[in-house]
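These notes open a run of structures that come right after.
Next, two complexes with chain A in common: one pairs it with chain B, the other with chain C.
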Partner chain A sequence: MTIKFMKRNVTLIIGAVIVAMLVLMLTISFFYLPHDVNEMVITDRFSPPSSTYLMGTDNFGRDVLSRIMKGSQTAFMVGAVSILFAMSIGVILGSIAGYVGGWLDELIMRMVDVLMAFPTILLALVFIAVFGVSTTNTLIAIGLRAIPTFARITRGGFMQYKEFEFVKAARSLGSSPMRIMFLHILPNTMSPIIIASSLGFATAILSEAGLSYLGLGIQPPHPSWGSMLREAQSYMTRAPWYTYAPGIMITMSVLGFNLLGDGIRDLRDPRRQK
Partner chain B sequence: MDKKISVVLIIALLMTLALAGCGGSPSEPAEIETPDNSQTPVAEEPVSQDGGNIVMVVEQDIDYLDPHLAAASGTEEILFNIFEGLMHPDSTGAVYPAVAESYDISDDGLTYTFTLREGIKFHNGEPVTIEDVKYTMDRIMGTETGTPLRSELANVASVETPDDSTIVFTLNQRDSAFLSNLYYAKIVPKTNEENFNTFPIGTGPFKFAEYLPEQRVVIEKFEDYWQEGVPHLDQVEFRIIPDREAALLSLQLGEIDMFPRLPIDRVAELGEGFKTIEGSSNMVQLMPMNNNVEPFDDIRVRQAVNYAVDVDEIIEAVAFGYGRKLGSNMSPVMAKYYKEGLENTYDYDPDKAIELLTEAGYPDGFDLTITIPSNYQFHVDTGQVIFQQLANVGIDVEIELVEWGVWLERVYQGREYQATIIAFTGKLDAYKVLNKYISTDRTNFFNFENAEVDELMAAAAQELDDEAAVEMYKRVQEIITENAPAVYIMDPEFSIAMKENISGYVLYPMYAQDMSTVYFE
Partner chain C sequence: MLYFARRFISLIVTLVVVSMIVFVLFQIIPGDPALTILGMDADEAQLAALRAQLGTDQPLINRYADWGRGILKGDAGQSLRFSMPVTSLIKSRLPVTLLLSIMALVMAVAIAIPLGVIAARSHGKWSDYVISIVTQLGMAIPSFWMGIILILIFGVRLQWFRAGGYVPWSDSPIDSIKSLFLPAVAIAIPVIATIVRYLRTTVIEQLKLDYVRTAYSKGLSKKNIVYRHVLKNSLIPVITVMGMIIASVLGGSLVIEQVFALPGIGRLLVSSISYRDFYLVQGMVMYIAVAIIMINFLVDVIYKFLDPRIKLR
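The block that comes next holds the complex of A and B.
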């Protein structure tokens, strides 16, 4: 059973392991960091990985490992907050659109379509240009772009379930629309929403890294994988470890959450299995 | 006009990012003399070889081929080879007569008479006539259109051409910068009117050959150049490669021959077969504090910040030690105007800083937002070091990165900021370096106000006695340091890297790539 399960769900296992490792690192970072993330020891700049500096140091002599660990807080915070934001708004919009239908459905979904027309980075850039650079704005900007996915998935589920017998039964018993929507139908649509969250999490981390790379995400000297990558690129030949560290972290976290999302989908949706 | 200034600043800052600029060699502090009437630059000693082609990398595309519309410093340095004004700068920053053969200044300092150089030709073979010179001046001053193309000749009341080889300028008021301003009035032939921005023609050592946007500008040797012995090269290509890493790779692969503004700390990566010339950039990197905004409206707080910032550490951390410490708004490259000794006024002293902060009513420091344009990693890095240094005296810094356009609009023009980090590019004229401290000046985004500075600057602009003017400029620097409207950080040094067999390159204390003296050994 276990082996069979593992064979069938390699992606899920790999994804779960990667994410678990990331979460472990994140947890440790709250209690322990090898060095102060902003402490500059100029004499130790560009030290290659050693026992003192496990991932080496950067151009200011800051410990790369500590900054990577601290950066994971940034990445997870951005992922979690922006996805929660997008999910809460997206699910509400999608529920209303799917359940009520008619002109309200048209109105909401066309607005969502408009949102969907923007590439994430572009939308975020515009948003930040108008409202200014701040962590909150970065979160909102990334979250905004994730709304359409949730709205569409939820609407699809609602369209499908609102004609089901159990909904009709609830209605005939005099349940309020709110009760039907959020107590009867929503639980049935949760699984695709969870999958979308996992995939969206990966996208959000990537977007934050992209924005920080452009210098418009988390503000220095606070560490973020994207801004570390940007700083590291000038020293690519001199201190390759400085480029590898944030690069690998971004790759692994995006890969991990994508695999996890795919894995859950395979698990929950038997039709996709061979 | 605003836009023009913006473009100049954009390029100014691009330079900073690249630790760059065009510098005079710091090892020989050039005494900048006012040239006598007939001075021409010393011709290069005979060289072993003429001919050859050189590819030089430039970071940014040019903005205009029309020399009167071009405002970007990056364009300036290329057009330097194609055009000359009545006066042209030499490598010390002084100007010598180029299209003019000689000049004469009246005793009251209001009338300048220039004699046209005999036999001087445009690149298309036509002789330069006094009509062309007059046409150029009219075009810049907007005599017919009513809108001047550049501000450099704003002080000119009238231009007369009494005969075929003489042109007379009458000024509204005395202007010590007039001669050097004439460099910007690059002489163009009236017959080329239609093609100024597509196929420019001038009198410089090289003629324009080709421009492919975002790819290259090619110039070729002008055989009939009025100076004997130059240029040596047949052709120079300025290849536009905005990404420094890519450019560096191309240099290592031998695809390009010269790399201006290479940060010195990267020279080691070049390997065999290259040589470098080091120089200061004639730039002023600084952290302006908005003098109108709390808590910086209190001079004690500004001085405290100056004491709390360890400039030596910034130079070491950000510029790898290759920068010259500054104490006021003047680079040591401007040897004649540079006021020595100011750089140690606020030596690193955190205790003194805390003392001053306590006196000013901020014993526990305060929250400070430093707004930095995000495209200049050099300034961002500087900000990260200052973040740490100010934390030591209890000042809680938040760095806010903004796009360049936002910076210009909000900080530079709107003056809505607490502190920022930026660099000013060098100017040849001390007045243009210091005029941003005049209380009414449009570019005074420090909101700096000092009656004595205002008076001194007004007097210096009209002072014809050079030494007296220099003394005034030096005094202005002192006052600025005392009042600490900003933390003055450094003039970054840079190097120009080239293949080993290239010789004759001369550094200028301004944005110019003079290719006329370059030759292959």
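The block that comes next holds the complex of A and C.
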């Protein structure tokens, strides 16, 4: 990696470093946690950060650092599952809209436009209100709002590529529409989809934290950064340090994946570079 | 004119489709409202009477028609928890959310426009990097955490503002605005970051165009060009995302009301979901959806008026 490359892609590098650190923390959390996440030491309630409890303890005397680490599993799980869900549905809808066109395209894109007008948190709240509070519903509720982005990107790619020579060639060779769509066109639209996944991952983490903060996302005793903030707020005058760690973790995750997404985009499209 | 007619028809269709979705969604909820109200040991005759009164014994189409007519007339049924009409509950909570959203929006636009121009003018310099890092941070910090931090600093430590709660406008307009100031800041920050990033890109693109070179050769100052010519053209694309921005302000206030214990729509919605007060949730969701769809419609129409280069089809 040359100095020149690094200077040109600051965004990408900072993003990649932050994400790498988060992944490291996630990996460690599977093998080692300083304390049990649900172990309550009542005598140690609200201990400020110390050598025993690096980030202090919460209102039940549970180790904040361990819960933060375990919480990264929740955040990554929500990000990955909801984005995979949104991607699979969005890509299928977008491919159909872009390749087939006509009234089907009109119908799908109108639906996508309407869905896009609503804030993520509102759609998620509606979904949770109807189907109830559960981890699965949190994942679907957050994934739902990410569908439009993937559908739009895929449709754009399909509209662009379907008139290309290689597609016409494949068609004249008698390839089925399915084969053309998924083996010839889709691989070409992969890079914007990867960028959108990274940005969507950030949004998903933010939305999960918001829902859990409202008490309608991941339920206790399962550690989630959002629900930790909810608890921390009740005791913020007594233990202000408890509000810092979860907030910083959410911010860093969102920042990392946003920068990574933007960085990849700059890399793919030199015109956008500074 | 044809454009407006088409856009209007699509508005009506969207409203009908969204209302159908909202209606059908809330039919999926398991459970019988009559049973919820009367309790498990109510006898069958009482239940049937209440079902007839609530209209839940009617076929789906009839119920949708009744409900839709009610929504149009401002009657969205009774709240199960408060035993009050849904619309009067919404009306009593609306001023808080409305004032909060307007404050956040005004704050965001007033700060973001000059900042966006500054960012664009310093394109490639160190201050551009600083602004770009700050805006990335602004988008990444969750607004509810920002709210908590603001309470800690300005409410608890410095005691400049109340740490939460709301003073009604009728009691004292100044205290009312003061009680909404910190929440408005918390909502505005990510919105400012979004607008700055957007505006920065469009101003940079505009600065490369021919008319800017013409203006320079006429001897106009850079400041004059940027603020009197470029800014006007750069704001047009920003208006297209205005609908999205207003929606995100509304979404932000749904969460922030919780942080600052403000008696607005957002807190009512969240607590109604927890209490499973479905008529209230359904009514609120429908009216919020109508508001968002109408705002997007208005933004589209205003946009077409503002930019004569866009062909009206």
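Keep this in mind: the second predicted complex is superposed on the first by the 272 of 274 C-alpha atoms of A that agree within 3 Å, B and C clash if a C-alpha of one lies under 4 Å from a C-alpha of the other, contacts with A are read in each partner's own complex, and residues count from 1 in each chain.
Assume contacts are C-beta pairs under 8 Å (C-beta built on N, C-alpha and C of every residue); 3 or more make two chains touch, one makes a residue touch a chain.
Note that this is a predicted model, so its numbers are computed, not measured.
Enquirer: Mind checking the superposed model to see whether chain B and chain C fit together on chain A or clash?
Expert: clash
Enquirer: Quick check on the superposed pair: does A:L216 touch chain B, chain C, both, or neither? Answer first, second, both or neither.
Expert: both
Enquirer: Touch check for A:S176: first (chain B), second (chain C), both, or neither?
Expert: neither
Enquirer: Look at A:M40 in the shared chain and tell me whether it touches chain B only, chain C only, both, or neither; answer first, second, both or neither.
Expert: Touch partner of A:M40: chain B, not chain C.
Enquirer: Counting only touches as set out at the top, which of chain B and chain C does A:P119 meet: first, second, both, neither?
Expert: second
Enquirer: Figure out whether A:A129 sits in contact with chain B (first) or chain C (second), or with both, or with neither.
Expert: Touch partners of A:A129: chain B and chain C.
Enquirer: Where does A:Q233 make contact in the superposed view: on chain B (first), on chain C (second), on both, or on neither?
Expert: both
Enquirer: Using the touch criterion from the header, give the chain among chain B and chain C with more contacted residues in chain A.
Expert: Residues of chain A touched, chain B against chain C: more for C.
Enquirer: After the superposition on A, what does A:Q160 contact: first (chain B), second (chain C), both or neither?
Expert: neither
Enquirer: Between chain B (first) and chain C (second), which, if any, makes contact with A:I250: first, second, both or neither?
Expert: So A:I250 only meets chain C here.
Enquirer: With the two structures fitted on A, what stretch of chain C runs into chain B, 94-102, 112-120, 274-282 or 292-300?
Expert: The overlap with chain B comes from chain C residues 274-282.
Enquirer: Check chain A for residues that touch chain B in one structure and chain C in the other, and list them.
Expert: On chain A, the residues that contact chain B in one structure and chain C in the other are 129, 214-216, 233, 236-237.
Enquirer: Within their complex, state which residues of chain A touch chain B.
Expert: Per the touch definition, chain A meets chain B at residues 38-40, 42, 45, 59-60, 129, 132-133, 214-216, 219-221, 230-231, 233-234, 236-238.
Enquirer: Touching chain A in the complex: which residues of chain C?
Expert: Interface residues on chain C, with respect to chain A: 10, 14, 17-18, 22, 25-26, 28-29, 123-124, 128-129, 136-137, 139-142, 144-145, 148-149, 151-152, 156, 243-244, 247-248, 250-252, 254-255, 258-259, 269-270, 272-274, 278, 281, 285, 288-289, 292-293, 296.
Enquirer: Enumerate the contact residues on chain B facing chain A in the complex.
Expert: Contact set of chain B toward chain A: 244-245, 269, 313, 316-317, 374-375, 377, 380-381, 383-385, 387-388, 398-403, 406.
Enquirer: For the complex, which residues does chain A have touching chain C?
Expert: 10, 110, 114, 116-122, 125-126, 128-131, 202, 206, 209-210, 213-216, 226, 229, 232-233, 236-237, 240, 243, 246-247, 250-252, 254-255, 258-259, 274
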